[in-house]
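Each of the next two complexes has subunit A plus one more chain, namely subunit B in the first and subunit C in the second.
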Partner chain A sequence: MNFKFCNKRISGVLAVVPANERSFVEEMKNYNFPEARSLKLKEVMGYDTHRMVQPNVCVSDLGVFALKNLFNRGLLKPEDIDALILVTQTPDYFMPPTSNVIQGKLNLKQDLLCLDISQGCAGYVIGLIQAFMLLEQDSVRKVVLLNADVLSRRTSPKDRNIYPLIGDAASVTVVERDPQESVIHASFKMDGVRHESLIIPAGGFKLPSTPDTAILVDVGDNNMRGQDHLCMDGSAVFNFVQVEVPQIIETVLASANATMDSVDWFLCHQPNRFMLEKLADKMKVPRSKMPSNVVGRFGNSGATTLPIAMAINLTEALKTGTQRACLAGFGVGLTWAAMLMQIGKLDFCDLIDYP
Partner chain B sequence: MNEFLVKLAGILEAEAVKDADDLKAFPQWDSLAVLSVIAMLDSDYGVNLHASDFQQVTTAADLWNLVQSKKRS
Partner chain C sequence: MKSIPEILKEIRPEFDFTASSDFIGDGMLDSFDVVTLVSALDKNYSISIPGTDIVPENFQNVQTIEALLRKTGAKV
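This part shows the complex of A and B:
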């Protein structure tokens, strides 16, 4: 499906990562694999360090911290926020929405639309689509898109398939009307038939968490995980990305009448370096135009990897000028989405630590 | 097929892989090797295999035949 938005822009991006840094090499002893093979995995996938919250840190904690930072630095006024969209797979509660919890903790005004969206690695593009739609309303002048996840809390530390790449993070993206004329194109697709490719089987109403669902089991691949834990069919996800993502990017470029060469940056969700390098090669995009350095430093925190990629690679370029960027997110659902837009000049584009 | 065997040997960190060799007998045959093979087949042969496809594969020749049949379909 293709969407088009006129005269909207991102005005600032702030990424927040936990200060608690873990290292792949230290965690290797938890895995049921020969050390040499784990080191090979590290080399191929580009794993090294990742950031994880301390136990009990919630999405609302990260979100409140991020917004307070912007308030304190005078980069955002609480009273200017007309909508707060939270995209997360790890909410504080089933009810109420975590966006309302954050509204309450920050004493934001009541003339505010709080909206939780359940999306994962495509959640940056999906969140932006929702933000742009809200800006069609006269009464909505500024939208805060908050992406946050604490997936480490639902990942088995004995699962080498997923634990080394997982990270926690939050990001705030301020979205508003563009005083200049501009057009943003978006394309996305969803496939619920493949919803089990990325899943936390237990903990919802279908299969409530019990002592049994917490038990770590080896399902035949030397990895230990419970049904409470994130489970990824790695090769299915790899094929999904290599097949679908180039096509959705082609679609969004075609709808904008844009060529690959006209794009300054391909800013993708960051599953791991290996997958992104294969993706760049397949699309015949220079690897230098597709940053892939997030997972090895911070881990894969879901939707927030995309703003983190901006904050660690493009801060100066986006604060001083404009870049034509093709964003792409892909993951749980399955969902895949791309967006072509001009980004910059941004008022802020930073990465900070959550203590 | 020679080129294919050389690529397999690279992934399995073996000196050589012959068409009758049992892939699962290589010490380096694990989930990472499977993913590396899947990626190689995608980029070099335009074939997308799933990890479960490897259940019907024993030898390097089996894998080659599977790739050829997927290419035709």
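This part shows the complex of A and C:
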């Protein structure tokens, strides 16, 4: 499905990562694999460190911290927010929506649309699409897109396929009308047939968590996980990305009459370095135009890897000028989405630690 | 330049890859070993195996790996 938006812009990006940093090398002893084999994987995938919350930290904690930081620095006024969109796979509760919890903790105005969206690694583009749609309304002038996840709390520490790459993070993206003439093109697709490719089997109403679902079992490849934990069909997801993502990027570029060369940056969700390098090669895009350095420093935190990629690679470029960026997200659902837009000049583009 | 069996042996030294015709089915390579193998083959042959070709059937045995390398333009 294709979308086109006029006169909308991102005015600021703040990424928040937990200060708690873990190292792949230190964690290798938790896995049922020879160290040499794990070290080879580290080199290929680009694993090094990742950031994880302490066990009691929730999405609302990260979100409140991020928004308070912007309020305290005078970069955002609480009363200016007309809609708060939270995209997360790890809400505080089944009910109420975590966006309402955040609204309450910050005493935000009642004349505010709070909206939770259950999306994962495509959730940055999906959230922006929702924000742009809301801005079509006269009563909505500023939207806060909050992406946040604490997936480490649902990941088995004895699962070498998943644990080393997972990170926790939050990001705030302020979206508003653009006085300049600007056009944004977006496209997304979803395929629920493949919904089991990325899944946490237990914990919902289909299979409630019990002591049994928490038990770690060998899933057949020396990895130990329970049904309470994130499970990924790595081969299926890898192939999905390589097949579908180039096509949807081509769709967005075609709708904008844009060429690959006209794009300054391909800012993709960050699953691991290997996958992104293969994606860049497949699209014949220079690897230098597609940053892949988020997982090795912070881990894969879902949708927030995209704003983190902006904050660690493009802060100065986006604060001082404009860049033509193609955003792409892909993951749970399965969902894949792309967006072509001008980003910058931003009021802020920072990365801070959550203590 | 290393041979394919030599590269396989570096990744999983505990297995005799000449004794199997189905590395995946026999549990000698998991999906992350395949990633490690692709990276090693890319370096060894100065190629970039397309991501869409990184599927289990291309890594079943030495012959399928050779076929993949030829398809990618490597001199095997």
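One rule holds for everything that comes next: the second predicted complex is superposed on the first by the 355 of 355 C-alpha atoms of A that agree within 3 Å, B and C clash if a C-alpha of one lies under 4 Å from a C-alpha of the other, contacts with A are read in each partner's own complex, and residues count from 1 in each chain.
The criterion applied here is as follows: contacts are C-beta pairs under 8 Å (C-beta built on N, C-alpha and C of every residue); 3 or more make two chains touch, one makes a residue touch a chain.
What you see is a predicted model, and the numbers here were worked out from it, not measured in a lab.
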item: First (subunit B), second (subunit C), both or neither touched by A:Asp221; value: both
item: Which superposed partner A:Phe274 touches (first subunit B, second subunit C, both, neither); value: both
item: Contacts of A:Val44 with subunit B and subunit C, given as first, second, both or neither; value: both
item: Partner chain in contact with A:Ser301 - subunit B first, subunit C second, else both or neither; value: neither
item: Touching partner for A:Val241 - first (subunit B), second (subunit C), both, neither; value: second
item: Touching partner for A:Lys282 - first (subunit B), second (subunit C), both, neither; value: both
item: Which of subunit B and subunit C A:Ser99 touches, first, second, both or neither; value: neither
item: Touching partner for A:Asn161 - first (subunit B), second (subunit C), both, neither; value: both
item: Shared subunit A contacts, counted only where both subunit B and subunit C touch the same residue; value: 37, 40-41, 44, 161, 221, 234-235, 238-239, 242-243, 274, 278, 281-282
item: Touch list for subunit A against partner subunit C, complex; value: 37, 40-41, 43-45, 160-161, 221, 234-235, 238-239, 241-243, 274-275, 278-279, 281-282
item: Of subunit B, residues touching subunit A in the complex; value: 28, 30-32, 34-36, 38-39, 42-43, 48-51
item: Residues on subunit C engaged by subunit A in the complex (per definition of touch); value: 11-12, 30-36, 38-39, 48, 50-52, 54-56
item: Touch list for subunit A against partner subunit B, complex; value: 33, 37, 40-41, 44, 161, 221-222, 233-236, 238-239, 242-243, 274, 278, 281-282
